[in-house]
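All chains are identified by letter, namely A, B, C, D, E and F, in their written order; residue positions are counted from 1 within each chain.
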Amino acid sequence: MSTFMRLPVMAPEEVDIAIVGVPFDIAVTNRPGTRHGPRELRNQSSLMRRYNHTTWRSPYDAARVADCGDAPVHPLDLMENLSLIEGFYARIKSAGALPLTGGGDHLITLPILRGLKPEEPVGLIQFDAHSDTYDEFFGQKYNHGTPFRRGIEEGLIDPKRFVQIGIRGSIGDPRNFDFARDAGVRTIFMEEFCARGVDDVMAEAREILGDKPTYVTFDIDGIDPSQAPGTGTPEIGGFTTREAQAMVRKLSGLNVIGADLVEVAPPFDPSGLTAMTGATIMFELLCVLADHVAARGT
Amino acid sequence: MSTFMRLPVMAPEEVDIAIVGVPFDIAVTNRPGTRHGPRELRNQSSLMRRYNHTTWRSPYDAARVADCGDAPVHPLDLMENLSLIEGFYARIKSAGALPLTGGGDHLITLPILRGLKPEEPVGLIQFDAHSDTYDEFFGQKYNHGTPFRRGIEEGLIDPKRFVQIGIRGSIGDPRNFDFARDAGVRTIFMEEFCARGVDDVMAEAREILGDKPTYVTFDIDGIDPSQAPGTGTPEIGGFTTREAQAMVRKLSGLNVIGADLVEVAPPFDPSGLTAMTGATIMFELLCVLADHVAARGT
Amino acid sequence: MSTFMRLPVMAPEEVDIAIVGVPFDIAVTNRPGTRHGPRELRNQSSLMRRYNHTTWRSPYDAARVADCGDAPVHPLDLMENLSLIEGFYARIKSAGALPLTGGGDHLITLPILRGLKPEEPVGLIQFDAHSDTYDEFFGQKYNHGTPFRRGIEEGLIDPKRFVQIGIRGSIGDPRNFDFARDAGVRTIFMEEFCARGVDDVMAEAREILGDKPTYVTFDIDGIDPSQAPGTGTPEIGGFTTREAQAMVRKLSGLNVIGADLVEVAPPFDPSGLTAMTGATIMFELLCVLADHVAARGT
Amino acid sequence: MSTFMRLPVMAPEEVDIAIVGVPFDIAVTNRPGTRHGPRELRNQSSLMRRYNHTTWRSPYDAARVADCGDAPVHPLDLMENLSLIEGFYARIKSAGALPLTGGGDHLITLPILRGLKPEEPVGLIQFDAHSDTYDEFFGQKYNHGTPFRRGIEEGLIDPKRFVQIGIRGSIGDPRNFDFARDAGVRTIFMEEFCARGVDDVMAEAREILGDKPTYVTFDIDGIDPSQAPGTGTPEIGGFTTREAQAMVRKLSGLNVIGADLVEVAPPFDPSGLTAMTGATIMFELLCVLADHVAARGT
Amino acid sequence: MSTFMRLPVMAPEEVDIAIVGVPFDIAVTNRPGTRHGPRELRNQSSLMRRYNHTTWRSPYDAARVADCGDAPVHPLDLMENLSLIEGFYARIKSAGALPLTGGGDHLITLPILRGLKPEEPVGLIQFDAHSDTYDEFFGQKYNHGTPFRRGIEEGLIDPKRFVQIGIRGSIGDPRNFDFARDAGVRTIFMEEFCARGVDDVMAEAREILGDKPTYVTFDIDGIDPSQAPGTGTPEIGGFTTREAQAMVRKLSGLNVIGADLVEVAPPFDPSGLTAMTGATIMFELLCVLADHVAARGT
Amino acid sequence: MSTFMRLPVMAPEEVDIAIVGVPFDIAVTNRPGTRHGPRELRNQSSLMRRYNHTTWRSPYDAARVADCGDAPVHPLDLMENLSLIEGFYARIKSAGALPLTGGGDHLITLPILRGLKPEEPVGLIQFDAHSDTYDEFFGQKYNHGTPFRRGIEEGLIDPKRFVQIGIRGSIGDPRNFDFARDAGVRTIFMEEFCARGVDDVMAEAREILGDKPTYVTFDIDGIDPSQAPGTGTPEIGGFTTREAQAMVRKLSGLNVIGADLVEVAPPFDPSGLTAMTGATIMFELLCVLADHVAARGT
């Protein structure tokens, strides 16, 4: 009976950090399958042990953590699901817990941020192969390529405190990035990342994010498809897992109000490697969140 | 450059039988993936040769046949897609061609029938593990479990000339079949089929269908998952391919106005066996359609 | 958070039928991997709905059923594990519940029977490719090829009320079956089964078992490897799933005190078909157990 | 260090039955890969035990049997390889041993028969989805679709004592079977086989073959692709392994001078099921050959 | 109906750059399967969008590009196929188009160069794990290990303007590289590449190639098998895709008269990652070719 | 008939270096399967040629090398197997040969060292994701997480000359490393390795090991799971194969008395990449051993 990190199942009101799933994939434009992401992330997270070997600390010593179940989604009505997800996170917010989410396609970050109802637009750091700041696909405004444009438009995200790392791949229109650039988003393409390395890039990111509330979103397709094949829109030339782990660890100390790991699609992950990678990144994100809980005092 | 059966690409107006694809899967309730069905059906159909070895006849001697491309669907708005599919088939109907379709999830049969605008409700023979005559899932009326209920309600299908074969598997509610039974649908569960065999069952089916216009819909999950694993809702205990081929061949001579083969989901079909099975069934359906073209005179 | 049949987690004391897992594989002689069987059986059993379509009855209307968790085994000491398993089933017995088990390798049936402490030797019906009545392998008395010889020797099983169906495959020594035959076990080899069919064979089996307490053990390798590839010792020429389902249904009405489905090895089951087949067989076994609960009165 | 059936490696002069491999696939027209067939057949044959459970006899009690290695082929010159294979079997013939071969594509049967230099044309029983009596492909006379036409033309095979069972699938030209029919070959298509069953068909086959020298050739694609997916030209609707085993067992008592099992293509057999099926059929063929050795006296 | 990059199908006479396939694999010495390379490269190239995100330019703005189909090869006569391929490229040359090829095994580069009939020997840059400058295998002069020796001998390639990068792996004979070294070929082994990095190595390569006509050949096995598993002769320790993309981009500005991407073998590429990697490299090569078209004026 | 490196099968007494297999996996705590490691390592090692391309030397010119078969293990009694393995290596030691082993789970290094009966504790260099210096699991002292603690306790290993490289992953208890640290073991975690690089780390390792007898143990899970997925306890963020090859090559010149490559688990390695990687590392280890044989004089 798999739970995230083999944790007990509890209500958001009982915890500092609520690990949850959003089994949702009806906003994808290419290969679906992420609706089964939370299940496989839970399965693989059973391999995570209690202590981070780079800090010798355990997140469970710093914070109360549990598996708080799945958001109540279904596979047939996109707009209704956005409301259901928003409501689920509103309750987590009310309970005073920080959410750590296993997705689900990338659109879910939008209703998560809606549910968290930030008093002012939050900072955002995004690890991803794709910018996801497009306006629409097939005339549709809400899909997994548009969440951050909607989030900026809705005042949920502060584009001046928004950093994207790892963006790459051929593009349909050179104006695709105009919106993000004009809004002040800092887009670090893969080639710039390769040239500068983890330390330099993350130093800049931390400076942009500052000490105000920040949300972390990690699209598994930011990682190379040899290490994370199970995703809907793979793109060669990605992060190594060593780079990914190093970057997430450098988030420690930021004012992180929540995090997600999205786009794990088990049908394309027969070996389970993607889910294992995703679960390990979630453990690192959990350590970052726990550090923040410890720092703020519970 | 794969086409169905390695045929040329032509317009519906130029052919007697139009083979088309509907790369659509946003109406599924379990595992998505059939949007890539037409592509793999085309790939595997390259293995089909010209003559049927059980009749020594070729469908290409009896009818003009071509690949008429895909219906213009997209992955993000269910109701809009239903209109797009209906329009595509309305053109095929206007052109005087009979459609043979590779799907796509099973909901597509509904807009296909709408597009064919039959003057009176058509007969229907359905090979399938599931009845697909449910009323709704998650409050949604249009999904791959409801097409035939909608079709009866809309007057597209004559329930008295509707035969379902191969239905099986545990069910959520014993009243699920009430609608179909009350409307006069003949449901032949798998256990009855096993006891009676192909010849007896198909004799009954032909009698029910009679000589009025009939549509054939073949859900690949009617076949056993060992022979057709790549589908969204597999159910053990299915037809063998030998039985499936024998049943389709016994449709020859009926007044068949169109046929489809649906629910091939390539993400769950790493070996390609499901698509190969689907392509072979499509070739048998093509032979049945060509026999009808020959019989009616072009 | 997968449970068997999506049931709630409860204690044996609260139910009539306790579905449990035994994640154990250190008694295999060929390919290990069944330690992950219960996890995948749980995952796939999420597809099981509430009613059996051949009877229109639900086991949940006749009996209280829950997932009672896993036996507390570990991967490193065979004899210690046998004690742990025995203790786990002794508690189920004390609670008055009937166990339905997802294994695990076939040796687990031995400590299950020990734990059930039958007052007199029980009848046994075994669906299997292998007799599992060998004396020893590599000088070891306890492994997945020996449970039923040990069970007879320990007075747990009545060899006169013991039927094996589906046995097949080349053998190392023609005297391998001497013990079983001399003890009075009725071994129905696959070739006899093929010649006689399900109805005839099961009629004989029911007569042998009579109305005294009977245990049912189903080794997934009894089913053909095309339909159940994920197992440690596959053997071609097996049961079809249609035959397997029909045979299990014919157990209804017997005095069944428990049942297991063993030898599902997920590492050899990349498509999940074996676990799906196993979960479906478990649902059929559950219906048989529920029928018995209903018949005896709770 | 895998050998066929875990037998010792010996020279043909030391045995009654020489099991050999022909790792060859440059005569295929569709998917190559059978060059690795012998290796995987050897690996899987390690599961074969000593006694046939339907006869309680062991081939090793009746005949001296060993693995005599691979024919000395290479992947780059078809005609040169045919000579190399012929020479390899000429030595086996000289040594007085009967060859049992694991292929390799189906063209190898031609140089095997050449090497066996029969005094008069031999009888042939072929289990196969395809007739392999075509004249040429792409203007080439020697490929895996033509061996039996060449064999008849060269006087190696007696077409009046030639039975083909299991032929099926769409065909390119209805005249493809004219040569075989006119020559007197008995072609039993799959549909006739299904209608009549194993016993009836094999009784006819035995009568045609009589008691003169007969060679057995088993193309693994005769078996259904769900049970033997790993082959170059799969065709749905094939034999079950139960039927295949039953047919081979009915060859016992014939004057069998050699046998082969061909077209196992490991690249399309990730689970190893095809090689396991092939190895099991080879064990059954070995029992037939050993029966003949026992009958003639060594 | 997949075409390369979803481009229209056109004749070579209508384009500046002709993308073509050569479905050929009968010159391999290890694992065959590249005959299906062009099909899967086409399938995966459907994911390529119009603009290169590192230059913000589209190849389609600089040049007329289309899918010009496959060379007319067949699987049975090596020398005849070499003529067929040569003829196909001679037409492309006559039409004034630059060819971009998806293979096929590496021998195809030889008849491609023959067909291009360069007025003087061309420069060659080869990304590869293997030198392919051997003299013969099994006594055969024409196979996928010999194309560049033949090309030098035939005066098609200028060995002084020939750079190989990425060569690695154990070797059969230390004299294997004597021919290449003596002829003046610059061989950069993997270890030298690792020590120096992309920029330094490519600067040297550009200097060697100069501004005279140069052909680019990219063997997918140059890339690490974790990122390109689907190939006939994988060798661990290869390029990352990030390195491969960076190297190809540095070819821009050279006088490139054609390019190929070879050795994609779909049977060993169940996830499609190799074909996706190959298609992405082909898009980068297309950008290089388009830059050259733009620079020379059409 | 696969042997390691296609070498002949010989007795230890006839060689300088004995390559052997230990098909053993009953000491694992997570996913079993390494019992089939030696078979697949042999299969894949058939691709290894005779010369190392970085030195232009062949190990076969410096030493007599053969495949000396498998240690006589069985799958059912751990302690008995330890004795069997020890005896097997004692014979190799007596014969004066150096053993190169393909495992098997990591516990086998313990009985190997026992069998080698070193006069004084040996130096050890371990490439691994896990320290394997734990005390016990489930109360068991002998499993694949404990061999090096046992080895130190038994005086087989000199902890002051023991270097571990690549250790990583979350841990159950921060005191897990206390024993190793207190004993003087030098543990180089992955993060330190990443920061310093191969050259620097290996220089330190060589200094620690000095010129006294040293044993090399390479756990395939040290390498990243994208390049070595087939292992029981994968851990993301591992060595690249380029790093692994470079590190092993830097062992040349040490006083190496034996080496092993362990934890290859074929059930999780459908593509064979792990076994190919393992076989290539074994070839590099063989070159190191041969260098030592050459240096000491035979």
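Structural remarks
Here is the rule we go by: a contact is a pair of C-beta atoms (placed from the backbone, for glycine too) under 8 Å apart; a residue touches a chain by one contact, two chains touch by 3 or more.
From a predicted model like this one, the values you see are computed outputs, not experimental measurements.
Touching chain B and chain D at once are the following chains: C, E.
When the interfaces A-C and C-F are ranked by how many C-beta pairs touch across them, C-F comes first. For the self-contact between chain B and chain C, the two sides draw on mostly distinct residue numbers; the shared fraction is below half.
Chain centres here are means of the Cα atoms, and by that rule the chain farthest away from chain D is A.
Chain centres here are C-alpha means, and the one lying farthest from chain F is B. A straight line joining the Cα centres of chain C and chain D is 39 Å long. Between chain B and chain E the centroid-to-centroid distance comes to 43 Å (mean Cα coordinates, whole Å).
Residues of chain B found to touch two or more other chains are 224, 226, 268, 270.
The set of touching chain pairs reads A-B, A-C, A-E, A-F, B-C, B-D, B-E, C-D, C-F, D-E, D-F, E-F, using the touch definition from the header. Every residue of chain C that touches chain D in the complex is listed here, in rising order: 30, 167-174, 189-191, 194, 224-226, 229, 233-234, 236-237, 268, 270. Residues of chain F that touch chain C in their complex: 25-29, 31-33, 35-36, 74-78, 137-140, 143, 267-268, 270.
The residues of chain D lying in touch with chain F in their complex are 1-3, 9, 39, 42-43, 67, 69, 270. Residues of chain C that touch chain B in their complex: 47-54, 56, 58, 224, 226-227, 240-242, 245-246, 270-271, 273, 276-277, 280, 283.
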